[in-house]
């Protein structure tokens, strides 16, 4: 099975810091590939490099391919139009626009927006259509950010910590949504909540010190306590200890 | 190389006569400056009979741009004085003239102010002269339009600025002093719409309306006065600006009585002919005489005074000469330049306006009252 | 009872909508009170009212028994009220160490000192370094705060709070986005905030395990109102909480 | 402009490089530069093209003094703009308060210079404190506009020649009768130069001292996140007001010296263009850097003065009129130079040294 | 009575002129977040473009359809120059707002100087159809037609801009792009085009103001743009940054205030009152009349 996205020898240098030092991995054409690692290893940097959003003055080397196409040479908006959906880490909803306007903006030219899908998942967004996104609660903003990419069909989704700051119930809901989405669209997911990872991930890539420390089957990573402990620190999430 | 911080060079003997001209080559008054320098060159040629020499010393003219900014002018003047220049002239803007004049007294050099019209330069100090007219002379010319002023009602419409106010004050002194009642309407120099002021002027129903307005808003102001019927209801007097501005009067141009410092054809004499022949384009304009006269005065000063500035001053004081405007006299008491003034009318329409001489006021008639020399 | 922090009928309305609706809350000395509730329940807004970032439309806030409802944020802070923000807000152009120093300095008294060399203030420097050590950021001390990764910013937030030596601390989702590996470490840091020192903590957090581990009592907010405020066991057993907040376990 | 004053720049920014042979001298470079600048008037060095006359000629010294004053003004403005993050469009007002204050008190009220200077300085500082207290109730662009509006009122009052005090658009020449003889006359230009140098040294010292102080750190915090400062227990308003007042006072002080140097006041200095130029100077040099604003200010004024000479030079006249027309307009050249500077020196001239250092390192690695 | 009518109508004419200048400024500021000091230059381009076309462009002239053609030429010139400025100077500096402002400052300095070098500093007579030079009698007041023309034009521009923002997707893209340009790109939208468009529209509005201002003033000079700009800034700020409707209200307030105070008060008081109005509005409502309160 050929990968939907291949990353080869990706190096990113920002402001003199060598953040990624030769990262290579594949994203499988189905299911969720999860990108793991401690704070600051460069997970977000990886996603942004794929999208061509490395900040000014940053230097990107290496090869990123999606279906035989080199992504590094194309402007971000074209990549997205060709089906690369992105949910950023800080949500980045447009604070001054209403919820409905945020969604309207995300419509892509020539694609019929799937509002039903979004409103079914997040009825809150329909109810708050006229509220300014800046005044939404943190969790509501997250819903909006996810809702935005689900409006169109994508060939690959890049999602950065979607459950951050969400209430447990919503986390479950989001996980369910992603699970459903991942049936048709491959997802490259950055996630800290191991319960969510456990539920969604089919493949895992673990970053450490700017390199890939491990990659392979997610079930294996989480199934072997020894491996989990050595790669992800304290083997398991506290949730699993105390709850 | 070492030296002391306070030394400065000096000339003398057969060394060239160094003259520094500090005027606007750029900035809003660049056109005035251009006329001034053309006039100056023509005047120098005329006064040295084409030799550019005074005795056996050549005249070396250094031009410096002040962009209309007094600070730059002071900087330039200091530089020139520091290099040993004994003669500085120029000053297109009044602010420049007022700020450079004290330098002349402080450093004992000759300063011949140019087109700057402010009355403040007259009598400011012993080393400062002027080669152009002053506001007061404008106003005296305006008075000549109404004959006997007694019992007449005069309204001044002026910019609320030093220029406008000095005109207002002069009208009060000159025409008010002659028995007329003078009131005034002042408008901010930055005003965009003139209708309120035009209404006030209409309501006042004056026998004579004296307008003192300079700057880029003038066309809008005239248009409004015309539209509100002010120009047809009363005699309106104002100063005739440079030729390029005439078309901007639009339809109002022919309804105004102009007092004029100078326009091409106002005077016909040797100097005017020489100037006309010498300036590029062959048409004289408002500030050509100021440059021409400055050159004449400087040549006279050097002829009589050599490198001794005090002797130059004495040589100029009380000196009468034939310039572009006719016969001019440097009044000894306060260095006012007594000179003929003119009344004019514009005729024609559109771009094809010509100025016609109505009357010439001899120098004595437009003479401002003498002020005591300040320093 | 001598609550260190109380709210009485605290409300904030925008037009017709009550974002925070008549909240009565008491925080005992040394107590660790967790606040949970669905997204948009008004938790952050409650914090904003307590710290003075927003003005309530009704009700009062009392700190150590004295009313502070009308004080500006900085006066409240000087009376010992400290907080972290849900979205990290650190001084991006300053170094990590400078960030903490600034907070230490603010705590030491806000009088103007224009002529002293800041760097020469040994005590401040030492205190700042101690705080950084405590939250495990010492190795990043020289980095520019704006370039920190997300989790590191969270730690820096806590460091800024600690440096202010507040008696009452409001933490708004300190665990959000912190990597699994770092959670225990941060939990330990937060636990040490109260402990023997007698400081009280009010913490919003969606990680139930963390809340359960740390909190003495849990307050549940729903639609701006206080639904319940009780021991963790009781709250977790509450059917409404189960239904509206926790949902089914993953 | 002398390269002596430029010399200290590397000291400020090039810290991370390996210790240099001269490293021990670094802390002393500012003093060294100051000493060199102080003895500069004893040099008869000719720098053709750079200055019109020898370095010790009054014209050159005058130009240098103007540059020094504006270098200092830019440094003072940077305290507000670069270090506190307050974008004021009305800084010219406090400078003008110093200039007109001194001028009016000496010329119209007949006070001796030192009294007038002191009064103008206190007056400028008080004005800044009062207006700042009002303007700082707003933030961001609104703040910029309120300050602009206040400055505009100042400009209108000056232009209207209120009570005949200011001389309107003609300006007010300074009556030198009230001024000590050492500051009068072209031959004494050097004394004004030294005065300007002392002022620059003072401003730079104050600005650096303040930004390195605890208060300076708070100001930097305000620049990043004002709300956060409040939550830390500090009143941002108070600190901003201090910065505003201090910066205004420094500007007023510069006004006093500028008034002496130019020998009067003219309404040019009340225009919002002056504030804009200050902004340009700071950005040109590099905001919130040690020497950037000073260098930016000096360079700007140098160009501003010298370009008028350049515009009328024969080299320009000889060009075809498509070129010579625009080039003879100093503002055209200045504007263009400035735009290019924004592109090619992001972070200002001060940032240049860091970039050069990176380049050097990159080259030596090969 | 006729005085009041006259002052009101001419005040509205003035307001219309301010609005025309401010609308483009407000659009560019509010949406592209660039405080555009070069706006005065766009205005001058429109004015000089019209002036030039009336003399040199075949078919154009000072009267009738020829004049319309001349104005159209000026407006297009303004839009093209503005778009070029955005493409060449503003775009490479995106996300560096302060630098963008500075570039426009540099541009305004250089631009005025360039005009001066080309056509001199003195005012040039502006082509005016005869109708605009006459007055219309309204309730006994002689209202200049050029003022009425301005009012009509301003109303048309206001309507056009509102329709554009409300009913086109560009409006949305632009508003979002101001907040987070990168994120708009990440939604698959080429945000650069939208910004160029905003500049072009702003430039066109400014150029129209320049052309009609030329008719109103009867002349054109290099500094004209700059002197109108300061009032336009005030109008934009009073109205609330980026709110075109707010700018319209503010323009009316400023125009009428200035006109009435200038008539009934002492000279110069009009300007001072406008500045006072600005200070009061900002202190009471820092976000301006129609601006939205900032979110925490």
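Which chain is which? They are A, B, C, D and E, in the order written, and residues in each are numbered from 1.
What we mean here is this: contacts are C-beta pairs under 8 Å (C-beta built on N, C-alpha and C of every residue); 3 or more make two chains touch, one makes a residue touch a chain.
For reference, the UniProt names are A = Amino acid/amide ABC transporter ATP-binding protein 2, HAAT family; C = Amino acid/amide ABC transporter ATP-binding protein 1, HAAT family; D = Amino acid/amide ABC transporter membrane protein 2, HAAT family; E = Amino acid/amide ABC transporter membrane protein 1, HAAT family.
Just so we're clear, the structure is a prediction, and the values are computed from it rather than from any experiment.
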Original post:
Going only through chains that touch each other, what is the minimum step count from chain A to chain E?
Top reply: 1
Subject >> Most distant chain from chain A by Cα centroid >> reply: B
**OP:** Take the average of all CA coordinates in chain A, do the same for chain B, and state the distance between these two points in whole angstrom.
**Re:** 76
Original post:
Which whole number of Å gives the spacing of the CA centres of chain B and chain E?
Top reply: 37
**OP:** Please work out the Cα centroid separation of chain C and chain D, and write it as a whole number of Å.
**Re:** 44
Original post:
Which integer distance in Å separates the CA centroid of chain D from that of chain E?
Top reply: 32
Subject >> Set of chain E residues in contact with two or more other chains >> reply: 113, 116, 268, 271, 296
**OP:** Give the residues of chain B that touch two or more other chains, as numbers and ranges in rising order.
**Re:** 26, 160, 188
Original post:
Of all residues in chain C, which are in touch with two or more distinct other chains?
Top reply: 53
Original post:
How about chain B: which of its residues touch chain E in the complex?
Top reply: 26-31, 160, 185-188, 190-193, 195-197, 199-200, 216-220, 222-224, 227-229, 242, 244-245, 247-248, 250-251, 351
**OP:** Using the touch rule from the top, collect the residues of chain D that touch chain B in their complex.
**Re:** 41-46, 52-54, 56-63, 66, 156, 159-161, 167-171, 173-174, 176, 184-190, 193, 262-264, 266-269, 305, 308-309, 311-312, 328-331
Original post:
Which positions of chain D touch chain C when the two form their complex?
Top reply: 209-210, 212-218, 220-221, 223-225, 227-236, 238-239, 242, 246
Original post:
Can you list the chain C residues touching chain A in their complex?
Top reply: 36-41, 44, 86-87, 147-152, 173, 176-184, 187, 206-210, 212-213, 244-250
Subject >> Parts of chain E lying in touch with chain A, wherever the complex brings them together >> reply: 95, 169, 172-173, 175-176, 178-180, 182-191, 292, 295
